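Below: the structure, in structure tokens.
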Amino acid sequence: MDENFIHQLYLDHQRTAELPSPRLVEDWLNRLLQLLFPEYSEEHFASERVFAREFETNALKFLTILDVIRDKLERPASEVQTEFYAGIPAMRQSLMEDATAILNGDPAAKSTTEVIRTYPGFFTLAVFRVANSLCRLGVPLIPRVLTEHAHMRTGIDIHPGATIGRRFCIDHGTGIVIGETVEIGDDVKIYQGVTLGALSVDKSLARTKRHPTIEDRVVIYAGATILGGDTVIGEDSVIGGNTWITKSVAAGSKVYYRE
Amino acid sequence: MDENFIHQLYLDHQRTAELPSPRLVEDWLNRLLQLLFPEYSEEHFASERVFAREFETNALKFLTILDVIRDKLERPASEVQTEFYAGIPAMRQSLMEDATAILNGDPAAKSTTEVIRTYPGFFTLAVFRVANSLCRLGVPLIPRVLTEHAHMRTGIDIHPGATIGRRFCIDHGTGIVIGETVEIGDDVKIYQGVTLGALSVDKSLARTKRHPTIEDRVVIYAGATILGGDTVIGEDSVIGGNTWITKSVAAGSKVYYRE
Amino acid sequence: MDENFIHQLYLDHQRTAELPSPRLVEDWLNRLLQLLFPEYSEEHFASERVFAREFETNALKFLTILDVIRDKLERPASEVQTEFYAGIPAMRQSLMEDATAILNGDPAAKSTTEVIRTYPGFFTLAVFRVANSLCRLGVPLIPRVLTEHAHMRTGIDIHPGATIGRRFCIDHGTGIVIGETVEIGDDVKIYQGVTLGALSVDKSLARTKRHPTIEDRVVIYAGATILGGDTVIGEDSVIGGNTWITKSVAAGSKVYYRE
Amino acid sequence: MDENFIHQLYLDHQRTAELPSPRLVEDWLNRLLQLLFPEYSEEHFASERVFAREFETNALKFLTILDVIRDKLERPASEVQTEFYAGIPAMRQSLMEDATAILNGDPAAKSTTEVIRTYPGFFTLAVFRVANSLCRLGVPLIPRVLTEHAHMRTGIDIHPGATIGRRFCIDHGTGIVIGETVEIGDDVKIYQGVTLGALSVDKSLARTKRHPTIEDRVVIYAGATILGGDTVIGEDSVIGGNTWITKSVAAGSKVYYRE
Amino acid sequence: MDENFIHQLYLDHQRTAELPSPRLVEDWLNRLLQLLFPEYSEEHFASERVFAREFETNALKFLTILDVIRDKLERPASEVQTEFYAGIPAMRQSLMEDATAILNGDPAAKSTTEVIRTYPGFFTLAVFRVANSLCRLGVPLIPRVLTEHAHMRTGIDIHPGATIGRRFCIDHGTGIVIGETVEIGDDVKIYQGVTLGALSVDKSLARTKRHPTIEDRVVIYAGATILGGDTVIGEDSVIGGNTWITKSVAAGSKVYYRE
Amino acid sequence: MDENFIHQLYLDHQRTAELPSPRLVEDWLNRLLQLLFPEYSEEHFASERVFAREFETNALKFLTILDVIRDKLERPASEVQTEFYAGIPAMRQSLMEDATAILNGDPAAKSTTEVIRTYPGFFTLAVFRVANSLCRLGVPLIPRVLTEHAHMRTGIDIHPGATIGRRFCIDHGTGIVIGETVEIGDDVKIYQGVTLGALSVDKSLARTKRHPTIEDRVVIYAGATILGGDTVIGEDSVIGGNTWITKSVAAGSKVYYRE
């Protein structure tokens, strides 16, 4: 190959700012999920103190990750860390409610153990709630690394900046896309292939609300596409599969695909 | 973090019943597939006896997995094991027919070697036939762990409880969802994004037929959605892409999306 | 299990022609991508010469892969290798343009670093451009192994034989299928769930153009399906989401899903 | 390099008879030791049945190893396997006595747990007793692979064909050499750097007794060398460090190095 | 195998008190040595803060190890940890002096880099100084696990309880044994195969001084054996190789093996 | 820990010149030995060309190692590489003779396969002949890294600078030390614990001959120590075990330890 090409590429390698190693980030995430959910863990902890120490180690690894990108943080890394871990009990509570909602919503599900251990929807939601929590604390890049890790494993793409309420239920899930400025209420349920996206991707809209709002208790069936920042799906609506919606829908509506 | 939270979580870890380790289950599955399909294997076996021994070891690992959940089995683990392995020659025969069907159905495919080694549809089907076989023997949880392993890798979600006939052909595949009570005949072909699902997910329907029946020689194109336990797609029908079907369709029908 | 079954299977293992080990192929690919994009690399190279040597080692590994299948090559392995590596600078240039196009096209993207490190669309495109380059040099099987590796990770299925122009932009991506004889112009953008496929999969059509042509600056929204070898989407057209298109569309058209 | 050299070497690789992979042999050994001694294990077994299954799997792996070299076995592999595993309870009993003897003989030792987990002398003895047991069953090569594995880790070289009585105590151990036809009684203790070797290494002596006999309750201090097949160290003797002995020593003798 | 044997063994596994996993202990040790000596490290740290964080993580891992055996500690784990890490700068200083002493004492050594990276004597000393430091803080078992880890790799067996002065120089090293109550002054140098041991191993002597005292600037050549708690080698003495010494030697003596 | 300490240590890490990663060096060595000796290999090569390519890859890895230390080389790295690989056929021939000599010299050895696969003496000699070859080509540090790798595994410490003739036979081996300026003739045999060392380790002697000369057909028994640059053991001599020799010995002598 051209020597000059190699030379330029080498300079590129030298210049590229240090990023937290993907392996480090994934190890931290997986360990955190194993600590939070026994269903993910293969380990037997010798005592409560040993268990607690693992949490501390996890928190310290998180600080190491933050240190690599500390120039891009708005606040001291240790402040970010403290707040993130303080929010974990509430986050786990929320995830347990999600698991129960999935169990109740899927006739094929036999137990929350099965949901937590085998449902890609739950896994993605767990990663999202972690990533979202970091987003809210102003951490750049890492949240996206986390949600893309889940996206690669499950085919479900939730932007870490989205807003998602309680008892969110994802069924099957492959092909779901939830954009950055989506707002989802409580007790919403969505199926595979649903897109909650933008009507336009003009770069100048980067900081505006470009994705829809889904109110409480809405159900959205497989393959439905709902677009636009002004589009609001009113509470208790049912959006049929393969529908294409770019305007708001009143509360209690039923929108079906005309066969 | 809150000490009480850590304490409760630790108790949770103590209480959670032992599950077979995911690594163990995946090792068993991958080894089985490597033994059944040389295309998956990286190994050179020294003799037929060594090869046969690997099968026995595989069978014993399976027994170890069953032992962990033996309280949840309806029959003695060893009986389950014997029947499962007795069914393997027929299962492999069936998979070889699937591979041939995929080869014949895809102009881009050059050989069954290519199909077995690189087609995610074939891989998912292989995992499904293993999982389904376990399902029929009353093994809980493991079948789901297996199909979700394939789902994570290929984006194709086939419930282990589904009924699928011979020479089943999946093309591309990402986004396919096949529900628990689906019944599929012989020589059926489906494309990416097809959903064979339920109309309603009322938990009380858990033990009823909630998903459609697809008769022999039906072809279902990309993105079609077919729902409901009473929905029957009659033999030799062609279901066009992006269609939405909730009622039965007579044999020999052609249902297209109206452009 | 039946002894005869084991015997036949063993013979099968003996007979199966050697294929390059998947691990070897993936190692080669990942190393190549790490060398080409610092964002993928976790390593610090001691000097430019060490870096250059890594490229040579990569090229030699490639030759080892080619050697395994040399009976199926049309030209000497070393000639294939030389041409492939000679084309790498241009290929990387093209991928940098793709990254910029993705950055410009997605309001949520913050930098090319983020695009290269976290966007599955970019990763799949990078693998495609490598695989396509091998395809054009007459290398069998390996290109498909590469694109299926990407397909498994991202849910995006681009056939290595497709023709894709410059500054191609994939947004989200899960569920995208791009067939073998697709031709895509420059500055095209497509979203998740888009299928560019064949109308018929008659095996006798294996060597004909069966997939559509997408001209310059076309945008295709989520879930659209465009089929057929004679179907041409004229330049500057916009194809709405969830549409189903089997006939050509004039330049500058806007095709929407009728709500 | 010379092409002819490569060619000859390649033929050599083709010709070399299959040997059990070192990794396979070591995995089998380590697993066996982990099952026999909880101090070596990092695992928590879910139930007694799971534990028992692990033993069966271990036994099957052993059969796979034997299968590779079955042309060199004097008896059917399965017969060898059955006898070997039948002898394990007695072998473990013997090793527990060894551990107690080491504990009693070393003022620095605090518990048998410490002995089993950290003493290289105990580890080597455990490997020896396994290898010796195979030797007696006529298994070639593998016993030597096992003892060399221990030799590499601990610097203690016990030929698998040696005869060693009960409650054998090795202190420190590095540099100990115990030859093929050594016979050691009960309650013997030896220190680092002790050699129990041959006076002559004439290849024609391969099947004769070439190494010394050590009777019950003998103690041999660091660096002593005792050589020859006719040399007998009578019971209750003490052999001082750095001594050089090629003739028999009466029972109850004390042989010291003259300072 | 006998069912009763399996049953008893299983109970044994259940009963055996949790010990820190060997892998955990070795990871902690290796990481610590990598942080203390760049020559052992393969890593490039992104910033001083990232580097400092790695130290904190290391300290936390240490606490996890201590937690497993906290019932056997004389003091709170965190107190032990704090003191151990507070002593590290002095310990490293001491090890740098050891490295310089080895460099100065070996004509074949070219640099301290070579000494630290390749000399087993230095490695063992580094592990000893860590283990000894833990011993002095009353930590049981772990120090022995550490020194046996070094013993297995280098064949040098230094009891963690020994007392070793500054600028200690080990040349070659295999077969060296240094007992629990040895006391070594400053600037001492010893060669391979040297034993500093006990005259008697009566278990009742467990808490008495049983091993020799080596005063400042003594040199002990290969294969020398020095035994007994009352044996003092006076300062500036030279002990020839293969000698056997059980009585004290006046300062400035030269003891040679009579050829 | 003290912040200043961390700061200084971090600077140390920044300053330390890049060294070839130990893992890289060991991978290269192990691969080379696997290619040269089928007994070390676990692999089945698909064709002679694939095999030849592995040699080329090995040679290229070697160049990468040399590149890291190229400032310390006396000649261009590629010249060193070319000469080293050109010398490999002769080096392997020499090692095969060593293996035969070990087989002939040990009544317990059954085949060269057993010798190559399990004898630590052969392994160390193989590593020595590689390291020595690099030494003669002026490569610094790496030869020592290689021989210490063997030393750690086998307890045999041969300085890479030593001169060793043909058909060299090491029996058992733990504790052998062979110094930098040792010269050994053909058909020499040595046992465990033999030291061929220096009388004085005055650093000023670094470039003089400080270690003994052993002429053809000499046998040296376990624990013998032979010291000094002027000491010559005349051909056909036998040096008894545990002897201590600092003066030359005429050809045909028999030197025994006086019991």
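A, B, C, D, E and F label the chains in the order they appear, each numbered from 1.
Definition applied: contacts are C-beta pairs under 8 Å (C-beta built on N, C-alpha and C of every residue); 3 or more make two chains touch, one makes a residue touch a chain.
The structure displayed is predicted, hence computed values, not measured ones.
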Pair in B-C, B-D or A-E that repeats A-C, with over half of contact pairs matching by residue number: B-C
Between subunit A and its twin subunit E, rotation from the CA superposition, multiple of 5 degrees: 180
Chain centre separation (subunit A, subunit B; CA means) in Å: 27
Computed distance of Cα centres, subunit E from subunit B, in Å: 56
Intercentroid distance (Cα basis), subunit F paired with subunit C, Å: 49
Where subunit E touches two or more other chains at once, by residue number: 155, 174-175, 193, 223, 242
Category of the chain touch graph - line, ring, star, complete, other: other
Touching pairs - complete list by chain label: A-B, A-C, A-E, B-C, B-D, C-F, D-E, D-F, E-F
List of subunit E residues in touch with subunit A within their complex: 18, 46-47, 49-50, 53-54, 56-57, 60-61, 63-64, 67-68, 70
Subunit D to subunit E touching residues, read off their complex: 35-36, 38-39, 41-42, 45, 48, 51-52, 55, 85-86, 88-89, 92, 104-108, 110, 113-114, 117-120, 153-155, 171-172, 174-175, 191-193, 221-223, 240-242, 257, 259
Interface residues, subunit C side, partner subunit B - complex: 1-3, 5-7, 9-10, 12-13, 15-17, 19, 21-23, 140-141, 144-145, 148, 151-152, 155-157, 159, 161, 174-175, 177, 179-180, 193, 195, 197-198, 201-203, 205-206, 210, 223, 225, 227, 242-247
